[in-house]
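Which chain is which? They are A, B, C and D, in the order written, and residues in each are numbered from 1.
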Amino acid sequence: MKLSAIRPIALVLSRELMITVLLLLGVSFVVFIILFASPGDPFSVLLEGQLSTAEAKTGVREAMGVPRSWYIQYLTWLAGMLSGNFGTSIRMGLPVLPEVLRVGFSTLILTIGSLMITLLIAVPIALYSAVRGTNKLSWPLTMSSYVISALPVFWFGYIVIYFFTHELGLFPIAFGFSTAGQKYRWLYQLLPIFVLGVGNGTISEVIRFLRQEMGRVMAEDYIRSARAKGASIWKHAFKEGLLIPVTEIIASKIPFILGGAVIVEQVFNWPGMGRMAWQAAQDRDYPVIMGIAILAAVFVRLGSLFQSVVYVAVNPRASKE
Amino acid sequence: MTKTILEVIDLKKHFTHRKGLFSFFKEQQQSIPAVDGASFYLKENETLGLVGESGCGKTTIGRTILRLEKPTSGKIIFDGKDITSIPTDQLRQLRSQMQMIFQDLDAALNPKMHVRDILSEAITVHHRISDAEVDKRISDLLEQVKLKKSKLSSFPHELSGGEKRRVSVARVLSVGAKFIVADEPTSALDVSIQAQVVNLLRQLQNQIGLSYLFISHDLRVVELISHKVAVMYLGKIVEIGLSDRIASKARHPYTHILWSSLLEKQSKETEQKAKSVRAGRWGVFDFERPTAGCRFAPRCPVYESRGKPTICTDAASEPRLKDLGGAHQVACHFPL
Amino acid sequence: MKKYSQISGEISEFSDLPFWKKADVVDLVYVGYGLLIVALVVVSYILGSFNLLPRDPQDIDLHLMMAPPGTAGRLLGTDFMGRDMLSRLIVGIQAYFLPGLLAILIALCFGTGLGVLAGYRGEKFDTGITYFTNLVDSFPRLVLILLVIAAFKPNIYYIMLVVGLTNVPVISSLVKGKIQFLKQKNFIEADIALGLPTRIIIFKHILWHHCRSLLIIQATLGMAEAILMETSLSYLGFGVQEPTPSWGNMVQSGANYFMQGKFWPSTAPALAILFTILGLHLLGDGLNNILEGKRNT
Amino acid sequence: MRTPPILKIEDLRTYFYSRSKQAFIRSVDGVSLEMAKGETLGIVGESGSGKSITALSILGLISAGPGVISGKIGFQSDRIQKDLLQDLGDFVKLTTRDGKIMEVTKDVVGWERNAERTMSEVRGKEIAMTFQNPKSSFNPFTSVGKQITEAIRLHTSIKTEQGAKERALAWLDRVKIDSPRLRFDNYPYGLSGGMCQRAMIAMALASEPSFLIADEPTTGLDATIQSKIVDLLVELKSELGITTMLISHDISIISRLSDSLAVMYGGTVFECGPAKQILSTGSESKHPYTSALLTSIPSAENIKKKGYLQAIEGDVLDTINIPEGCRFYSRCNRVTEKIRDKCARQEPDLREIEKGHKLRCWLYFD
């Protein structure tokens, strides 16, 4: 990468960052509108039993800044959010941001890990069938990838837990971090990553997309002229045939994997963002669910930012536009 | 006296290229002058050839005349009516008289429809007629374009190049077109099929009295088929005249170079003689930003040999089409 | 070892063999299996809605708890409360069938509408529509739904409304891509030059001829998406509550008995989910290969 | 004495398979050609005549369908001497029925591996090739210069990056690209069609091959650029004297460049011999197809008289159901009564009617 290529990348990066900021603004607006338009009063759930008198209720609502017109509320909420104050969780009474970040980090590990596993499975299969074409071995491979991606992930999780606790007797029956000092703690970390990596339902799609891209690139003219030149095809085909499709898949599959994470965290009661979101949905705990939705959107946008950076770095034409 | 079917006055078409998501904020619109003031006329039952290198805007002129692209300025008068900015529903009525043959063989043929449906849809688009009449009309069309009846029930991808071109010509005739813009109709075809299509177009012209705007970069075919030829360079018409006058006694340096580069005219011995005219920085053909004044100046051997006269390159004295008599116009300060 | 053989005698001029002759065997198997599953689901839905069930899914039979399949005339055995597994599975389809159709309908209508707008009208709407599609894509689907659940405590139809909306970007970008491909081959310009009215161009030429197979494929994949979403939600306890059966909560309640070595109550609904979604995926991909993809002359 | 042939193709057959019609597409159906050292052979033919497929078969770049199924390609240069289709027979089994190949069983993977082994020291080093659409024949992700240095370091004695860059710049200058240093770092999309074609010629010649195949070097370029490229090829031919196989559908380009000429139609060679003799308007002994091709190009007197072109009726032969008898019979206008049934039923073979001038038409036999 010569120095002269840095400037166009910075240009495109700034454009992508601006788009990302705009999109996150849109996300916050959508989140706010959904909660603002909700029929029930957000606090009726919490305040049912405890504060019967009307003034007390208005007092609490005042603190939450509910009565003013909606767009002022939105702006104050947005301003608060930008300054790091995501409001306080109704159930836990703790400020939302530190909680969500702590939990968000462990979900990030889960997501990245499972993404790696999906790619570890999908890329070899796609490479094999792109090179060998359809023969007797590639049929069972594709069929098993279909079956795996149709697997309901929560059932698969239970089976895996059962297998590890009963057959191998590795873990105690009760799960969660509380089992400190356990001998196989690191293995315990890997389990949900493995389950989500295999069971997030995208493997067959990833394989089909990668094989399709590789097949297309193999038929390109410049690959034929590389062969005519006696140069190695893989060196020429790597960028467009493998690097760009893989980054594209990563960026487009992150939302699906985050969705799957909610379920896997529930199965393994892994203290992640998904589990907290589930809890918040149960208790209609608004600030928490809003914080999580925004953080999830940030993850997704980071993924697509990463993809466009790689695309521009590799493809000189894009940086000139 | 034959009536002029089409007249184009100072037609301009600039494409605005918008930069990404924020262009309408920053108004950073870079406009590329694809067609920069072209004016010519076309008589009935006549063919006007339009030649020039790729990227000189000849296809854009054809599409703008048919209002497939919105003209930036200038006037288009078709059959006496000014159609530059008439609303689309009135335009749709006129469409039946002016039609286009596209360069891509598959352009007009929907791959999911049989040839019979393609033709019947074209026939019934402007006026409802009974099925019996449609069949009769289809068989007439097949006669005109000399296509076997058995081809009616096949799909476009089963046809050969020549047959595809014949179906697109039949489709154009079925609407009752009088004026046809033919955009490189022969360039995607083989030599022997090309000859058949050229003959077909000329027979139709004699039988039905069609008039063509024949766009091509194949000079030999244009010379054969057209009565008058217009030569374009970077969006401007630099010379118009009768086709044999243009070929033999070209008055614009660019036209002369175009025709002299026709290979078979140059047998090996006469190669040296032609070398002199093509001196100058001719080797490189690059779309440098068009300088003011005559756009051909940076590559014009006459401009070099006359010691780069300033008249050629200052904006005020940009060469306009001057009539040299005998319906021959040229836009150059020093015609050959 | 590959064998190529030519049939003797005259080779037919027309190559339009019916598409099932042209497609390779694998795709035919995919589509066959997919259609079988779809037929099974539709029939069971009809049976369920008219209550023509082998047994009443609600009646509890305590001394027949978690019986393996085939005992006492219960084809698929019983769950942990002794209720007949087969009828519960059939009734479980009620939970996602209609909502799924709603999700598909919304996704197809809005997706096609936006796609045609962005593709055909081009510049004016392009930036707006790409912004909207990116915005909707930014939310992980399940998180967005949890948000909606927290706000509205909605029933399954509202949730499927959201699932449908989240499928809109995929369909609109596919339709837009198809239109841009047609524009690049200037099919559309040829129709405009001919004088065809816009509505015929859009509905007949673009949507009917070129986008038909694409929309069918997206419908099947959309249904699979809806099933996965409904079962996950009912697993998380948001969808249909006990005792009305849904495949999701059946798996969840059955899972508690793994420790006692009883797998069947949880595995039966899980297999039902697996085969249904597998069938829909195979149907989608098989149709795609036959109608859209590998077009070898 | 003619120098020993650098390339000798005998009865080359390359088939593809149309699944929808359950039949073979016989793109190259028994082609035999010979090229002497330093000679330029021009191959003329319309689309579907199999000229590009022949070139691709020589370098073994055919990937689809059964591909190359029979024939021998003897290649001899000062460095190596080998048959490029060595032991093809072990991998391919043909069953013919009344003279036509009806079934092919091919061990595709085995043949692929064998072909890679035999071709590894031929592709690029001995035989170089330029392609038709120059802009898409370059890797869009790396600069043009780097792709040329890659070829140099692969096939010449220069292994250092700096040495290869010097050599590449010399070649870019040699093919008259303006400001080679600037163009060296350009990406393919930044160059015009003409310049890409020059760069590709430079890349092909930079690996010092002994045999160059130019597949339609001027198609898709403008008339003025075409004449520049042809001038360049003429200069390189006189200076380097490299044996070249020039493929084009434009007869005027072939006439300016080639010493000998082969006319192909429907996958077979209809006529081959010295270009001057075949293309000169005078000589009468020409294959009906060749003379029809020459007259279907608008010539000077055509244009003067505004007369109709003498076009060949019918369509280009589709190589799936090939008629028995001569392939051009249905479109031929010089069939005499004496040979009509022979033309219709029996395919003529390629016979030498004059010194070095071969022909495939009953008109000129006995």
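Some points to look at:
Assume a contact is a pair of C-beta atoms (placed from the backbone, for glycine too) under 8 Å apart; a residue touches a chain by one contact, two chains touch by 3 or more.
Computed from a predicted model, the values in this text were never measured in an experiment.
Removing chain A from consideration leaves the other chains joined as one piece by touching.
Ranked by C-beta contact pairs, the top pair of chains is A-C.
Remark: chain A and chain B have CA centroids separated by 54 Å (rounded to whole angstrom). Between chain A and chain C, the centres computed from C-alpha atoms are 23 Å apart.
Chain centres here are Cα means. That of chain B falls 50 Å from that of chain C. Centroid to centroid, with C-alpha atoms defining each point, chain B and chain D lie 33 Å apart. Shown for chain C are the residues that touch two or more other chains, namely 15-16, 131, 297. Among all residues of chain B, those that touch two or more other chains are 21.
Looking at chain D, one finds that none of its residues touch two or more other chains. Interface of chain D with chain C (complex): residues 15, 17-24, 65-66, 97, 102-108, 320-321. Here chain A touches chain C in the complex through residues 19, 22-24, 26-27, 30-31, 34-35, 37-40, 134, 139, 146-147, 149-155, 158, 161-162, 166, 173, 201, 204, 208, 254-256, 258-260, 262-263, 266, 274, 277-278, 280-282, 284-286, 289-290, 292-293, 296-297, 300-301, 304, going by the rule given at the top.
If you check the complex, the residues on chain C that touch chain B are 13-16, 123, 127, 130-131, 185-187, 189-190, 192-197, 205, 209-210, 297. Listing the residues of chain B that touch chain C in their complex gives 18, 21, 24, 63, 66, 68, 92-93, 95-96, 99-100, 102, 104, 106-108, 110, 112-113, 121-122, 125-126, 150, 153-155, 157-158, 171, 175.
Contact residues on chain D toward chain A in their complex (touch as defined above): 59, 61, 63, 109, 120, 123-125, 128-129, 131, 133, 136-141, 150-151, 154-155, 185, 187, 189, 200, 203, 207.
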